[in-house]
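Below, each structure is written out as structure tokens.
Consider the two complexes below, in which chain A is the common component and chain B and chain C are the respective partners.
Moving on to the complex of A and B:
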């Protein structure tokens, strides 16, 4: 038998070709949504001499940041002043690759950091030297594995974080194209710094309202959610009833329609 | 030329087309095998179901493309159950379509109306029996029966009342009163005026008197969002401005549309967003609705500080919180 190209091409007129194509299209449509990509966080910070660090940071700032934030970090038309934002804000924004911004779209997104750990530390030291602000978080403070309480963290997360970042930390939409990013795969120190600095649309969560110990619990809960297995089968991105509904309405209903068509088809 | 419309002639049934399985013994044999294969597949999936139920450990995870790490126990249980039922169905349908007789059968419908003789007979019977039972004569029985049957209908109506107490004033009141301290949710710690930086938010609840247990119903009506802005950001009238304290403003978290928790606060735009139907409230203008289906602004809670500097309510909410209801005045 000849299985050449013509033979294959002749199948496009086969009576099952159209239903088969529909099923393939529905499956690919339905499953695309359960695909998720995760980026890795920035590198760890290391300590260095303070004064030389500030000097080094000033140079990096003049080259990489001053065109938007002003030569003395006084801000400009398109970027805010950085006086008093503190080292924590710099460590978060630069360490997660949000700054420098690649494009002036709705919001800065997480991407590969442009500056390495030493350069980020230098920039943070420089900005911190302008005016006091929240200090960058070092790994010694992040004792969430030992001191965190997952259950308490979950309760705090559901009250304070879940409305924007989704009940499983997967992120969600805000207004006008802005969004709360996913918390999966974010460095613990960056989560902590985001809570104390309130980057972009995110509000600040003060240490008196959510104590440092409670912040560690929140981080511990996020890390637990990250490594939690999907006991119920495909997670569909853990974004709740939207993907589940979409899958049922497209793939589920599509299969049922296909079966109904087959049932009513006259045998030949 | 006449304009008469010529009558259609009954086209009758289309000519019966024989299936391949009716004419070709080879095709018949093949269809028979296909049906058998479908039934055997069903049997295989039943075995798979029982096997995975008994022998696959519940904590076994396998990697599947698209699905990711999947619980093998659950996965094969589901596939097995689905396959065992589905293939019996597929087999039965395939069998019916390909091998069972497919000749068209015409079953004529008879008229729905009973024949006149039967109808008259029925009326006659009813009249006769009603007469002998004395329905026309014994009015005492007739009336007492009416009373009994009528009253039986009341029982479900009375039971309906037990579906729950009437809300009464419940929808108009919350636990907030003059001097109630604002405490963190969760944690129940009072909030000092200096605890919040500009741009900070706090989820708060009213401090309940000691010994009072906070119920979910309490949280559902009392929840408040506290936001600190720069005082110069406010565009409020003098009354609403007096309800804030050093840039700290408090709103009910219960959406005035459908009662979802409104707590998506965008620090840069100073908008509050409801996650359910995207109603957007402008915090600087007393939670004015700037987008979405909400009909009213979120109720604002008047706050001030007590002698120790902790945030307290000046008074309870001045309007019912949450969505509209019948008795609500606005």
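Moving on to the complex of A and C:
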């Protein structure tokens, strides 16, 4: 269906206009992030330290990734080039265990990561050294607890993410066997990196579409959804009316018919 | 024996309907109702309707049916300060800031689901046992009306809170409305008082949901029950039960006590579900905004089949005279449901046309003894189930690691191929069950005890059925196919035309039966064997 996004967008602008202080804070936060993502390496790296890291990454890459992505990450028949995808993409893909890919017949799945944090950072530094791209973020940079707004994040989530990930971030099916995974239990930095790199069938949400501050709000909302108690009783999976229908035919009508049979038997 | 007492009691209880108005009260209070669990399905519907009235009235005290925009400042923090419609905000208010409000909402919604599931189960019982036959066709029509209106009522209620899922549902309903050729866009414009979503739709459906349809329900249910009263209840076949009597318990006190008890059981189960299982957690869905949609947007199950049909339709459109006809919405959204419900409504008349049977029936059929009807019912169920599965295709895909496309193609092909297969299998199954019945009557039950005869042969002892058991297995009518002559007296071929031909073919298929053993057959075997 072809829904317009105008209404929400204008409303968002309106809410932002209110307290001038917040606007200033957001803008400064936003520029910090866009500057950070314009840098190719990690934001804290300098000089020789950086070169050894890149070298180390190149070695790991040659062993673990080049069979698919090519020896210089130039891409091959089965996997895309990684030139310009940036450290964020590597940190996300390797940090969530998606890479190195195990089963090429399916969409890359979240697994236990093969590489530890240092190795991942080295791989990221190497890929980032090939061409500029979005930088990786770390959890300390993501001050969503302080700067995020849960309600606004929910609104953004429903506008931008719910169509694939379901209203409660439980995940959903896409066409051709692809699926958007559940977002419960995903680390904040990986949520952030997913948005700026757009893994596989997920679109990239550039800072123009969703500002860095808004991204923090989205993360805050996802974390709130994750820890939200089931207010109405057993949640039935938070997937909407399908499980409710199953329950009413099995437990609901099942019990009632059982009792009816029992009552009719008792009469004899 | 209890049975004979029962028969004697029933004969004593049987009061002719036309004995006069003076005895009305006495007569009605001693009116006899037969007893069987499947006769309580209708009661489930009645009681859950009463629960809906009570819980719904509670909800009206706080629900604000308006699409006016408000800023939420209630106690559910993840939505605070968002702009939303008053109806969504008031549903949040009921859920979190009214004492017992969430429980009532959940009871109302669970009761709605039990109501619809109960109606469907009740309808199936009536169908498979042939309870719709003369003189009860009119009550069947009322029943079909009740299911149809139930679907509408449930859909409207589901739409009232104006949350993201139900808003998506209304959007689809609008698309179906618009797909009606020529008048569609005017109808949609009229219903929404302008462009979607507008400001009048929720207030309008509110009036329909809490006033108009409940009123119609009350009227229909009253007539429905009055007809049951006057025509008396049907009963399953058994010794002493005839087309002219009713065997069971008097209304007072036995039946009333049982029915009253059952009301509290239905209420209890509904309240239990409402207390322990979350339903329609609208706070998770968020308020409706036309720009948003969620993965796994689903309607309740009673609309799910319709959604499944719409989802499986291949994209076909035609452009003519400056109009676009969207067959992909029109066919699954209106034409097929129209055919299904019309067919269901007319079924009693179609069946009696095929069988030529114009007599009254108060004894129910055992489904196996009417293979064609049973097979048709099973086939329709299979059809509904398949399209319902496609309605949940995205949820099934993620939970069973299938792809939406696989499910889509399975159901697209399955919906055409599987129902006929189910028809054939069910019919064969009915006929073999009839054969098994015949064996039982003629040769008795196998006991598993072997006896060696003097000359060394082993035989298994068969235990003869009691007369009552035999009666149940042999009492059914065995229709003959209609005799429709191929040529009339003057030698002109096919006087009844195509219609006659179809009728005779169908009647022949309908009459296919394993003949029940006659008394003489049973006697002959008795004499020869033992």
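As a convention for this text, the second predicted complex is superposed on the first by the 216 of 268 C-alpha atoms of A that agree within 3 Å, B and C clash if a C-alpha of one lies under 4 Å from a C-alpha of the other, contacts with A are read in each partner's own complex, and residues count from 1 in each chain.
Going forward, a residue touches a chain if its C-beta (ideal position, glycine included) is under 8 Å from a C-beta of that chain, and two chains touch if they have at least 3 such contacts.
Fair warning: this is a prediction, and the values are worked out from it, not measured in the lab.
Asker: Given the superposition on chain A, are chain B and chain C in a clash or a fit?
Answerer: Result for chain B and chain C: clash.
Asker: So, A:117: does it touch chain B (first), chain C (second), both, or neither?
Answerer: Neither: A:117 stays clear of chain B and chain C.
Asker: Just checking: does A:164 make contact with chain B only, chain C only, both, or neither of them? Give me first, second, both or neither.
Answerer: In the superposition, A:164 touches chain B and chain C alike.
Asker: Output check: A:245 vs chain B and chain C. Expected answer is one of first, second, both, neither. What do you get?
Answerer: After superposition on chain A, A:245 lies in contact with chain C alone.
Asker: Looking at the overlay, does A:81 come into contact with chain B only (first), chain C only (second), both, or neither?
Answerer: Neither partner.
Asker: State whether A:156 touches chain B only (first), chain C only (second), both chains, or neither.
Answerer: In the superposition, A:156 touches chain B alone.
Asker: Looking at the overlay, does A:209 come into contact with chain B only (first), chain C only (second), both, or neither?
Answerer: It touches chain B, and chain C stays clear.
Asker: If we overlay the two complexes on their shared chain A, which of chain B and chain C does A:229 touch? Say first, second, both or neither.
Answerer: In the superposed model, A:229 contacts chain B only, not chain C.
Asker: Identify which of chain B and chain C touches the larger number of residues of chain A.
Answerer: Of chain B and chain C, more residues of chain A lie in contact with C.
Asker: When the two structures are overlaid on chain A, which partner does A:198 contact: first (chain B), second (chain C), both, or neither?
Answerer: first
Asker: Which residues would you name on chain A as touching chain B in one complex and chain C in the other?
Answerer: 152, 155, 159, 163-164, 172, 174-176, 178, 180, 230-235, 263, 265, 267-268
Asker: Where on chain A is chain B touching in the complex?
Answerer: By the definition above, chain A touches chain B via 31, 34-35, 152, 155-156, 159-160, 163-164, 172, 174-176, 178, 180, 198, 200-206, 208-211, 214, 229-235, 262-263, 265, 267-268.
Asker: Quick check: in the complex, which residue numbers of chain A touch chain C?
Answerer: Going through chain A, the ones touching chain C are 1, 3-8, 11, 150-152, 154-155, 158-159, 162-168, 170-180, 221, 224-225, 228, 230-236, 238-245, 247-249, 251-253, 255-257, 259-261, 263-265, 267-268.
Asker: Chain A touches which residues of chain C in the complex?
Answerer: Interface residues on chain C, with respect to chain A: 2, 35-38, 40-41, 44, 77-83, 95-96, 102, 106, 110, 113-114, 117-118, 121, 164-165, 171, 249, 254, 258, 261-262, 265-266, 269-270, 273, 275-281, 283-286, 289-301, 304, 392-395, 397-398, 402-406.
Asker: State the interface residues of chain B toward chain A in the complex, per the touch definition above.
Answerer: Counting only chain B, the residues touching chain A are 17, 19-21, 61, 66-71, 74-75, 78, 93, 97-98, 102, 184-187, 189, 191-192, 195-203, 227, 261, 263-269, 271, 273, 275, 278, 280, 291.
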